[in-house]
């Protein structure tokens, strides 16, 4: 009981501490350096301050100090003239010092002029080189992925869209992390309403730390209590460039190799970038298979539980024997059996994801085979269910977007519980809840279930199927792009007679 | 929040409804009714028990009671696990029951939503219990008998039947029902030995033997199989009928006369005799049509005498008459003239002439 | 007539395949019985004579086509004038359609008897015609390609026939020339009509690059089919007894019944399926010629007339139900074919020569 | 009335689905018996006439809605504030009653066909949680569910074709073998089964460009008429007249004969499917009732939804027997007929007069 009381008292204390801390003068961090110099030619004393761990010492030694010491450095205004560095700012605002200091600037003060400060950019940027996409891999097509440096990522997009209409707005988000976040869109294509919504949401974020774009995603989602991701995230510059041209909005976050895309819809999560690289027939069939697999993976185990628990009449007479004999020695009701197996699969997946790649794969395969076979032989699960669960797991892994894959795996459990509760009726109950939830969902205020509902015949051309590019005359209508037409359809080639 | 979770858990564990997990129930696949003394009914149910090695064991349980409905609840008490009857495939009535109580018993099957419409009602020669007690096939007796009926309906001479069609025929004015009759040959085999004809009250009154089953099917159903031997001046041909349909029409009113047009398309499967020319084929067509005419007319005469109407002449007459009076029809039916006209077309005669 | 684009034309040597494939059709499966009826085991002589006949007709045809831009329609116009010529064109359209109908229905009967007795004729024809439309819609170049495959792909059947050798008796042929010349000529007549189809070159000739260069290929094609026919005749005569042959409706297929390979028993099923490949270019080319002639005569877009013709035939085919009706269909087709190839074409040749002579003099 | 935000409104063509889904409900499972009782095999004529009748009423409704925004303002125009308000409340009761009937009838179907030992209270609770979730999400979501309730079960139309081998379409002959009176009686029975479309009087302000939706509303009615006609044809060809008169849910009984290699007994699937069909039905009634309450006595819609559901939740388990459910259905039919085919035309005439009088001034 005492525990609870303590908890109640803790809060004010914490506040006091916090305020005490801010009262005292900030302690200097070890890497904060300040040194004074003297320019003998102009007889000027000046000092520089910088954070040694984020500035490039090379720049200081080669490009700053020699010039400051040897050239005609008479007043602070001269700094701009004599330094071979582009980003030099002269400010009067003392408050900026700290921000600039921690963003890799040198702070230059001249003893004669107490009012002005010069900020000289000398940031050291450590960038890893471009690598292959790891989540959205594809056999063919571009093989570069975003990296953690935002400038590099913007560069990747700029190269793909070298037009002046590609707009970039930058925000600094996170009271502690000060993360640079870029909002990108194409000025004359994107709907300004979408841009404004995204801008407002980004500006409204009040959080201390932004570690990844996923933080932004969760903080700006339309419905924060939904298992479904409401922004598409991608690590592929080609995909990001592609959606920019469709009129969507892309958000890049410094330190995150994933870009956010909005508005999006449910079906888009099942399209893989490869769909645009194959011929449209192959791509469409693959997409349909993917969607079917998803439905299958959600419904098959709940169906098994429902039918075996309540609806024996539904089972064809030739199948009854198979089902009954496979379950004969199993001591659990179907629901427990299914839950055990589903959880096992989830465990294997988690274990595989946590372990280093090579061991992970091995665990996956070995675990699957060994545990599966053993549990069947031990009479804990029936082999029919083992097949179904394994198939369902397989099917759930083909979702091209990782976050959507997770949502789908999560969905299976409520379905299972309701199947146990009310049989097939329970499954439909759950289905209706999911449909209602999806109907409520929006992405940047645009309906999430489009083009299914509201039904948009036109948008079907790139949803369940992907029609050939010459049929993709208009941009998706839920984006409500300013310019709807993608290209001017040439005069339809006249159909010739057989021999002409 | 905790409260809700607790509530939810309660629900999950209790459930709204009773479960019937398939490996924990006994599935009733067939049921048979025999006469017992004192106007009681002896009911036998057939359960399919599935062994681990994939074989099916036939378990029968028998009890004598006053009504057919009580039988299951009495047997329920004798069983170690719940007997569920939703997958019932086969109901067998002994001939004695079929002559008396068939309709009363069948009410329970029609009324219950749990049962499918495709289940078979059959009449057994001799005791139904004995039929159920055989060991036919590997997948259980009920499956065996219903499969046997299935394929004989599809490719043989048994006219289409199931629970729905039985009720349809029985309840349709100007039509009477029929049911297949099976006979146990020995412990491993059964035979579909005849078609039983029921009168308007649902009592078995007549049987059509194997010989006439072909003609009965021509009258009441469409063909997609079945074959018949036709003899012509010492030559002999086996004609396999691949399609047939019939059309029943009122050909004349006052006095009422009806005509049945039967169209048969077939191929010659076997031929013994002189060279099979086109002329010969035409002769066979004619002969076959004549035989059909004769036999079906004979059948219809028999129906008229018994006052039954499996071909649905009354129903057809009603369709072609405004304000049809069934009372008048009942009188007329007995001496109604019925013309049967058959049109046989032989499509193929194989790869040699 | 507007000139035909070069890429629409076919190479001269393709004519070999087109001619050969038109000649090998449903008739190939049944001809032995017909000829054996008249000339017994001597019918192989009739095959040779029939082969020579086809060469003669082909020679006449090429003579007629020698003039620049000539085809059946222009020949008719030259000989009979615009209106009467148009009428004759339409008669040919009817003939080709009838040919198409006969070939299709005969093949369907084959499928019915040998594979699926309860085949849904309408649906099958529908599928078949969808395929045919797809091919014809793609133009003569594709039909030519199909002809090529219809000769090359089933060519292995020639070797398959060798498997019947253990069951043959080649002494059946002796004594050679045991039948009267009249009987042999009767058999020749029966045979010539089995081997018709090559007259379609009258219609598609303008689509051959350097038309006259194709002449030798056309003759090679005829020669090839003659040899194939001879080969089958000789084999089937050695295989069947004379009585047996007279009662066997499809001797070619019945022969295949004896073939049994380690991986497949009952080779005649493969034969029936193969025949689909052989039939397709046959049907396509008849349809193409019919629609082409219609275009040349009454200016209907070819695509439209193809659809129209297919639709009509699709409705007719399920009406022909019995073996007898199909037989009659075949008989009439033989009669008409004989008249056209061996009476009408020589007559046309004579008329054309006269007309050309007269014109030249003027 | 404050103006409704554009995002809250639905496209005109969605009205098609909303109207169609209100008309297809539990009634569709059993209407054949009722109409066959009066007009026998000729009842299909009644279906056509009933379709015409609904279209006529819809025409009147749209005429009224051209003048006034919704039912409340019509009532206010015609009867004044107080009397109008009372009529509004009557409509609230009507919708609540309809909701009760639909929910209870469906539960009965589940009881008879699937779970004889269903715990009605718990099931209703679940049912209403779902309903609340939907209605709470607003009209746009309800209309979305209507869309799914039409599109998802559409495959059933094809499934019905599997009964064709067991049908005899000559049953319809001779056509028009019943008196006009019998046919009209059947029409009357049928019109009340197809009701529900009058809800448009309430949700009309939520349609973008209301009057543009008129054709879609009529298409919706046409669509349901065709569906009803289709089912009627199949049922009559499938059952004998006697058999039909004894079958309570012919639509489901028909599906008992359908069998697939992977599933026997298709009627279970269809009952489960009917759940999808029922939900928007119930939701629309509830939404309309609560909306009317809000417009009349200014109760927050969310609160009245909870209140209504709560009341119904306690009413439903009280209705236990088949007979009670039947009586429930009988009353709704009488009331529905009075509302749709007597009251609405009357309202139309009154509104016309009121408008004329006002215009003259």
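Should a chain be cited, it is by its letter among A, B, C and D, assigned in written order, with residues numbered from 1 in that chain.
Keep in mind that, in the parts below, a contact is a pair of C-beta atoms (placed from the backbone, for glycine too) under 8 Å apart; a residue touches a chain by one contact, two chains touch by 3 or more.
On a predicted model such as this, the values are computed, not experimentally measured, just so you know.
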Any chain that touches chain D and chain A: B
B-C against A-B, pair bridged by the larger set of C-beta contacts: A-B
Cα-centroid distance, chain A relative to chain B, in whole angstrom: 64
Chain B and chain C: spacing of chain centres that average the CA atoms, whole Å: 52
Distance between chain centroids, defined by C-alpha means - chain B, chain D (Å): 40
Overlap residues in chain B, where contacts from two or more other chains coincide: 11, 16-17, 86-87, 116
Sites on chain A at which at least two other chains make contact: 310, 313, 315, 317, 421-423
Sites on chain C at which at least two other chains make contact: none
Pairwise chain contacts, counting only pairs that touch as defined: A-B, A-C, A-D, B-C, B-D
Of all residues in chain B, those that touch chain C in their complex: 224, 242-243, 265, 267, 275, 278, 281, 345-353
Interfacial residue positions of chain D with respect to chain A in the complex: 7, 10-11, 14, 110, 114-115, 123, 126-127, 130, 133-134, 137, 140-141, 144-145, 147-148, 259-265, 268-269, 271-273, 275-276, 279
Contact footprint of chain B on chain A as seen in their complex: 308-310, 312-313, 315, 317-318, 320-321, 323-325, 327-330, 333-334, 417, 420-423
Interface residues, chain D side, partner chain B - complex: 112-113, 115, 117-119, 122-123, 126, 165-166, 170-171, 173-174, 177, 238-243, 246, 252-253, 256-257, 259, 264-265, 267
Interface residues, chain A side, partner chain D - complex: 310-311, 313-317, 319, 421-425, 427-429, 431-433, 435-436, 439-440, 445, 449, 453-455
